[in-house]
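Chain nomenclature is as follows: A, B and C, assigned in order of appearance, with residue numbering initiated at 1 for each chain independently.
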Amino acid sequence: MSIGLPRRYLALAVAVIGVLFFFPFYAGDFRMNQLGLFLCFVMFALSLDLIWGFTGILSLGNAVYFGGGAYFVALSLKLKYAATNPARYGSGIPDFMEWNGLTAVPTWMLPLESIWFAAPAGVLAMGFLAFVFGFITFKRHIYGVYCAVITLAESLIFEELIIEKQAYTGGFNGITDYGSYSSNTNFYWVILAVTVLFFWLARRITTSHFGMILQSIRENELRSEFFGFEVANYKIFVFTVAAMMSAVAGGLYAALNGIISHQEIGPLLSVEGVIWVAVGGRGTLIGAFVGTILIKGAESLLSEQFAWMWGLLVGLIFILVIVLMPDGIVGTLLRRARRRRAIAAGRAPAYEPRAVSAEDTPTA
Amino acid sequence: MELTRRDVVKGALAASAGAAAFGVPHIFVRRLTQANAQDKTIKVGILHSLSGTIAIIERSLHNAELLAIDEINAKGGVLGKKIEAIIEDPKSEVRFFKEKAEKLILKDKVAAVLGCYTSASRQSVLPVFEKYNSVLLYPTLYEAQECSYNCFYTGAVPNQQLSDFVPWLIKNVGPKFYLIGSNYIYPKETNREVKAYLAKYGGQTVAEEYAPLGSTEFSTTINKIKSAKPNVVFSDLVGDSIVAFYKQYRQFGITAKDIPIGTPITTEEEIKAMGPENAIGHYTSFNYFQSLKNPVNERFVKAFKGKYGQDKVTNAVMEAAYFQTYFLAQAIEKLKGNTDPDGLIQEGLPGQQFQAPQGKVKIDPVNHHTWLWARIGRANTDGQFDVVDESKDWIRPDPWTRVLYPDKDCDFSKVPKGSKSGTITVKRS
Amino acid sequence: MAEALFAQFLTGFSIVAILLIISLGLAVIFGVMRVINMAHGDFIMVGAYVAFVMQEYFKLNLFWGIPAAFFVLAAIGMTVEWGLIRQLYGRPLETLLATWGVSVVLQQGIRLIFGPELRYVRAPQLLDGDFAVPGSNLPFPYFRMFIIVLALGLLSLTYWILYRTDLGMRVRAVNQNRPMAEVLGIDTRRVDRFVFAFGSGLAGVAGTILAPIKTVSPGMGFPYAVDSYMVIVLGGVGRLVGTVAGASVIGEAETVLAFLYNNVIAKLLVFTLIVIVIRVFPQGLFTLQRR
């Protein structure tokens, strides 16, 4: 069975997965819960790497799909919880519905009570949303900085909508108190399994012919068009896949966390995801894992000690990484390894010119 | 060759070391913590935002609680043991509140947590407290309609702020109210209650509108207010919006003599930020004002300013944070140093009394809320409040506001043992 | 009702003026350098804090605060341009991200220095109070009038610099066709530095005049940044008229909609409007013809 990974990396991957697998046994409940949530973020970052690192689409609003998937699952769990614990809020409906004067769950929401419907529905809904948005944006050849700003606007719209429609979404407070799978080792392993699966999937996509075209789009979109590729279609496809991946990650996050709010939909999380990928190394897939775990882990540990300067540190590190290591940690390591190989094989000079990237064309 | 086996092993070791480092300290810390719990200190968690948008007010809660802990420790602590504050900063983000609450309970094994300001943060952490059976003391005024087994509420509930305030405004200013608020649950619930009180006391709702949280542009709203000509503008705006609204209100030429603003939220802290001239004459309803003249309050204000700076002000929410710390200390003392959560919840905390800066306060024995005093203040030129009305006695807290939910109440003596909620149905005649 | 609507319209003017002042700096920068400065909102925030410092520590009122903020932010802008933007020349997406880092650093830095509390900045005594709008008896604040006047002033200043000076001509040349300008001997790096400094200075000025009517806190910048992006995206780049158009449409639309419905709906509808317009005009309403 071809995993698409050279043997040496495979060993490393197995080692890392092993460490993650045995984590609950020596780290305790609190850290295991944290790591579970981090892995959801890793999947989110992975989806961003697909669209940004490989295809060159910078989206500052992809958390909409993460949060969207999360809201579907959270609503479903909440409806079930309220129905089975009628004494909790006084009637069998969620508290935020009661506070907004609803007397019963709206009929269009009833199917969500079943998690087996809600979870896939969420993923498909997010996929559809991404498809529509991708269609509007990419068919019109909106890319680069404009695309980034438009996605930002879109995520703000959704964040505001979620807050406004309090009767259905819990508003600013979000959806809380619906039971969760935290401190559940089995659920942690489920998340780990899905993460590994997604990495495998991403690897398949990016090492295929399709993946090569994506990268050519990233390098020079116009040229790819001239080669005859329907660039918009490729972008729409990968954007949709990434959105559905995020939605799954979001659903798992909601089930693990026990609470979801507009913060998981808004631009803040979207930009954070981009930062994780940038620091880890875009276009490397594993960079998404490294960047997310590194930053979230450091944030968790350091903010416990140095709360006051943590934010400043993140900003500075980010600037340094962007300027000095544009390929991120993993990207730079891989590049160095490749160069060492090339020099050793006599295929490249010892001096390396400045890395040229796609946007280096003079006319913007 | 490219990567040798050595590299793979190195990589694997590095990865394991990294992940292990993330989790291993926990084992040692756990052992250490367990050892400590037996001997020297009583660990108490402090969970307030010290950065982010809510830090503006929440930092003062953190400061007040630390002041109380310092005072208690200076007098020898609780039965000889000092209180150790474990401080966490959730940075105004709801997901961090939950994470830090879990950390305090599971990892630091605190006896109880003093925390939260916004309803969003409280609602996000309560399931954690209920799941792991710990205790949260919540000092902030809120919309009520809740009583959780694992939470003790030391802030005002609507009947302690609105039931006197609304009729007083109707009588002394006028019956026509223009309701505004920030767009989330607390203002909406509060306005629902205000409307119920208006209906009961012959007032009238002229209009009701909500602004996005954090919005700072109110010129349109103010124009609408001018056209509608109400007697009172009742505001449930929170945070940044308060300062912007009051400032623009005055800039557009409306003074408190024409249409005063009445609110249960604006404190001395926000007045400091907007400048006293923007607040003169407007009304706030609270249990505590810095300007209260009694020896306990004078001592409290002096101590607070002494520790944190002469330019600091005190307000009702942090006064609750202050006295709830004393409640906790007294509860642990009552249990002879035992910090078992069920003991604290069922025996230690209920019925606790304390001479607070606002007056004598007490935790109701059956509903986990606190008996408080109600006062109405008018802002003056110093940025402080002149008390224009106050309740004759402390007021019993009604977690289910009678005017909206006549058939509900909160009574832990009437629910089965082990219930996480004290809500019961009652028949009132 | 008609009186209220007229008052609304006038209020809308002041909102358009605010949007214009906020966006002018970013429009100039983006037009010439094709760089989106994610720290723009935080430059505005620093401007507000400059006004605060001038008031509290130097006891000087806002009229001094405005030029002070301009120069402070121009200096900061020049530093950022030299230290950061220049290194990422030709890579707009990286620049966008790097400026996000700058935004975080600025916010945290200000928070560390001044604390997270809201700060109080006064309008100058001269501009306190309001006057009756002729034709009705609706009071309109002097300060808001000042904002409108200042907006027009800054617009004229920018226009004058761009169209009546040598430097401005060079800027326009780079704007229209960068490689050609370089070939003709224009020092594009110098132009970039000036443009970024000027744009940042304008942001600083925006901050000082917003401080008395809004709230001053380390995190205040983000909403203004978003507003300015919207103005630019809608109005198009490369031409001042685009920025004015963008600000006018968004400002008046938001005000009128807020009056008819409420603030929340207004915001949502305006955003949606922008997204729809972009669908039809991907480059904004007014663009520069490019060869």
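Worth a mention:
Throughout what follows, a residue touches a chain if its C-beta (ideal position, glycine included) is under 8 Å from a C-beta of that chain, and two chains touch if they have at least 3 such contacts.
Since the structure is predicted, the reported quantities are computational estimates derived from the model, not experimental observations.
Arrangement of the chains shown, judged by which pairs touch: all-to-all, with no pair of chains left without contact. Between B-C and A-B, more C-beta contact pairs join the chains of A-B. With each centre defined as the average position of its C-alpha atoms, the distance from chain A to chain C rounds to 32 Å. Chain A and chain B have centres, each the mean of its CA atoms, that are 34 Å apart. Shown for chain B are the residues that touch two or more other chains, namely 50-51, 183, 212. Residue positions 160, 164, 308, 311 of chain A each touch two or more of the other chains. Shared interface positions of chain C, defined as residues touching 2 or more other chains, are 111, 264, 267. Put simply, chain B touches chain C in their complex at residues 50-53, 55-56, 59, 183, 209-212, 214-217, 219-221, 223-224, 226-227, 240, 243-244, 247-248, 251-253, 269-270, 272-275. On the side of chain C, the complex with chain B involves touching residues 1, 3-4, 7-8, 11, 14-15, 111, 116-120, 122-123, 129-130, 138-141, 143-144, 212-215, 217, 219-220, 223, 255, 258-259, 262-264, 267. Residues of chain A touching chain B in their complex: 8-9, 11-12, 15-16, 19-20, 23, 26-35, 37, 87-88, 90, 96, 99-100, 160, 163-164, 166, 171-174, 176-180, 182-183, 257-259, 261, 263-264, 297, 300-301, 303-304, 307-308, 311, 337, 341.
Interface of chain C with chain A (complex): residues 34, 36, 84, 87-88, 90-94, 96-98, 100-105, 107-109, 111-112, 178-179, 226, 229-230, 233, 264, 267-268, 271-272, 274-275, 278-279, 282-283, 290.
Chain A contributes residues 58, 136, 140-142, 144-146, 148-150, 152-154, 156-157, 160-161, 164, 271, 274-275, 278, 308-309, 311-312, 314-316, 318-319, 322-323, 326, 357, 359-364 to its touches with chain C in the complex.
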